[in-house]
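Common to both upcoming complexes is chain A, partnered first by chain B, then by chain C.
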Partner chain A sequence: MANIAAQRIKREFREVVTSEEVQRCAIKLELVNDSFTELRGEIGGPPDTPYEGANYVLEIKVPETYPFNPPKVRFVTKIWHPNISSVTGAICLDILKDQWAAAMTLRTVLLSLQALLAAAEPDDPQDAVVARQYKEKNDLFRLTARHWGAAYAGGPDRNSDFENKIRRLLDMGVEEHKARVALSSYDWDLERATEQLFS
Partner chain B sequence: MADYFSELGFRPLAEGEVPDHGAHLLRLLRDSGNFDLLQMFVELRGEGGSSAPAASKAAVQALPLVQPLENENCAVCLKNYDEESQCRMMPCKHKFHQECIFTWLKQTNSCPICRKELPTDDLDYEAIRKHKERESERNQQLESLHNSMFS
Partner chain C sequence: MATSSGSEPGPSREGEENKEKDERMFECNICLDTARDAVVSMCGHLFCWPCLHQWLDTRPNRQVCPVCKAVISKDKVIPLYGRGSGKQEDPRNKVPPRPPGHRTEPENTNGFPGFGFGDGGFQMSFGIGAFPFSFFTSSFNFGEPRPNPAPVGTPQFGEEQFLSRVFLYIACVFILWLLLA
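Take a look at the complex of A and B:
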């Protein structure tokens, strides 16, 4: 890896790890390898959002051309959000694409992702199914996002109605995550989710 | 008739050469003032990367060399400046190592900190930018006219 990228990550890393903000905003950064090309980020769900109380792990890959090009970031923890793929964790956020600027840091990236959890952009979706639910049935979207937070990210409130529906599908031999995806995608309509799973 | 076309910059295609329809379309849109469509096609051509082009070479060379304070650091590489540092200042007064800011401006035309733009050598981009500036000026004039009439 080019020297400038590694040296910059080293400086950033020291800065993030020692900052008070890390505690306050619940952001974390860890090295995955010694060459500073891959890091593991963690962000806490912002208060007053369906993600509150949950923790989300991020995979961060630093290109050789960093900081002239953005890091490649993906959610490892499964999440229900219009701008994040519920399948791959891929993120649709302008600063990770054409709005990147060389003065941005991994810290600003983590804070921007936290802001994205607090304010989705449903008109520029990464996951069309989630975006549709966000726009058309926002209450249900919030319950679903919270449920995913409890199931995958250590969040509170496992929704018992949702749990029961998932159990019904488990009894039919459907794998748990598949059941959750099908039910979430069909607005927790058990009949339609079953139909889709067995068609 | 040949003169008419060559005046417009047209030339016959070489053997086996395919016309660059994209370039023709962009020129057509630019010349006819169809800025919204122009912007759409420019963005499509950019595919993923930065949508803004590099800063113009002349503008980059004209950035003044400055003496930075030793306890300041460069926002691109995050290193502190020392006596040997060669630094350049952007019109917005933000300073960077020459090497750091030159590398960035080869890629895109705005300040890494505040995004204030330098001119580019890209005709399509400049046409869209001027159009946007005119539009926002017109909107401001309309608004102040409206305010003076109804306040």
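Take a look at the complex of A and C:
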């Protein structure tokens, strides 16, 4: 059966590489090893979202039972999104779980993830902290997501206000990513973030 | 006429592209290869039978079409028999046999009695039933005579004699057939 998996990935790989989405730089697929069991995906942030202009790298692991079971996909690039863990990059998306169908391909998975960036499902969250912010302070959520895109995914607009707060924590000896997570989680309230970091 | 090799690359390449497109139309939606032991679901999606079987086995609680997620089941798929199919059976194919096609015989509108095979069967049973009756009544005449026995010598009498001999002959043939079969 592993033979089907490898055979199919080969075909899919060819399909993605020649697809028009690649020419628009929207999705990308690369082989990590020769056995077609691990690939590296890349998706561009959709327009009119906080992720616009940023590029997100994905780790794709193809199980032996593919395509009867879904590939295991995870964000390598850190991202602020209700359905993606800001810690591990784990994704909460139905088609990667029980809604998977054998006719889906890596191309449709990448496009679905892109669609997920454009339309979050805060009621079915992977990251509860992000989901709460998304629902209660959506403007702040959008600024935070854009800031993370600039910090980790080559996106524009780092947001000087957020940068200054991070620098304050760096001066106190806090590691940059830790500082960003603490501030993001406490809605950029420097006092509460500091309290949490030093408690 | 000389074959113009390479003088017209345009049309031939187009033809090849079309051919590739045609072939892709018959790709299995699961393995993306040309469908072998092809079956089509009620929603019209094409698969290899081994591929679809494995998909349905992987998710016994969620029997849906891998393409459109319509509800499907193993006994509601239609096998596709192309010309020359069924010749090469893959011996590695250890999944249950592909479900058979459902076919209904067309309504019998045969206008010539005694022409088809079915009518032959009817004649046989008629022969058995009629033989003893006519044999006993016309040859031995024991028991009650028939209501209107035809007088000897009339054409009707001869006809009846002939008929009973025909029945006797049919019966003999039938018994012979029973013994041989």
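Definition applied: the second predicted complex is superposed on the first by the 197 of 199 C-alpha atoms of A that agree within 3 Å, B and C clash if a C-alpha of one lies under 4 Å from a C-alpha of the other, contacts with A are read in each partner's own complex, and residues count from 1 in each chain.
Just so we're on the same page, a contact is a pair of C-beta atoms (placed from the backbone, for glycine too) under 8 Å apart; a residue touches a chain by one contact, two chains touch by 3 or more.
Note that the structure is a prediction, hence the values are computed from the model and not measured.
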Simultaneous placement of chain C and chain B on chain A, clash or fit: clash
Touched partner set for A:67, first chain B, second chain C, both or neither: both
Contacts of A:12 with chain B and chain C, given as first, second, both or neither: both
First (chain B), second (chain C), both or neither touched by A:97: first
Among 57-65, 129-137, 147-155 or 165-173 on chain C, the segment whose C-alpha atoms clash with chain B after superposition: 57-65
Residues of chain A at both interfaces, chain B in one complex, chain C in the other: 4, 7-8, 11-12, 67-68, 98, 101-104
Chain A-touching residues of chain B, taken from the complex the two chains share: 46, 48-52, 75-79, 100, 103-104, 107, 110-113, 115
Chain A partner contacts - residues on chain C that touch it in the complex: 29-33, 45, 51, 54-55, 58, 62, 64-67, 69
Footprint of chain B on chain A - complex, ascending: 4, 7-8, 11-12, 15, 67-68, 97-98, 100-105
In the complex with chain C, residue positions of chain A that touch it: 1, 4, 7-8, 11-12, 65, 67-69, 98, 101-104
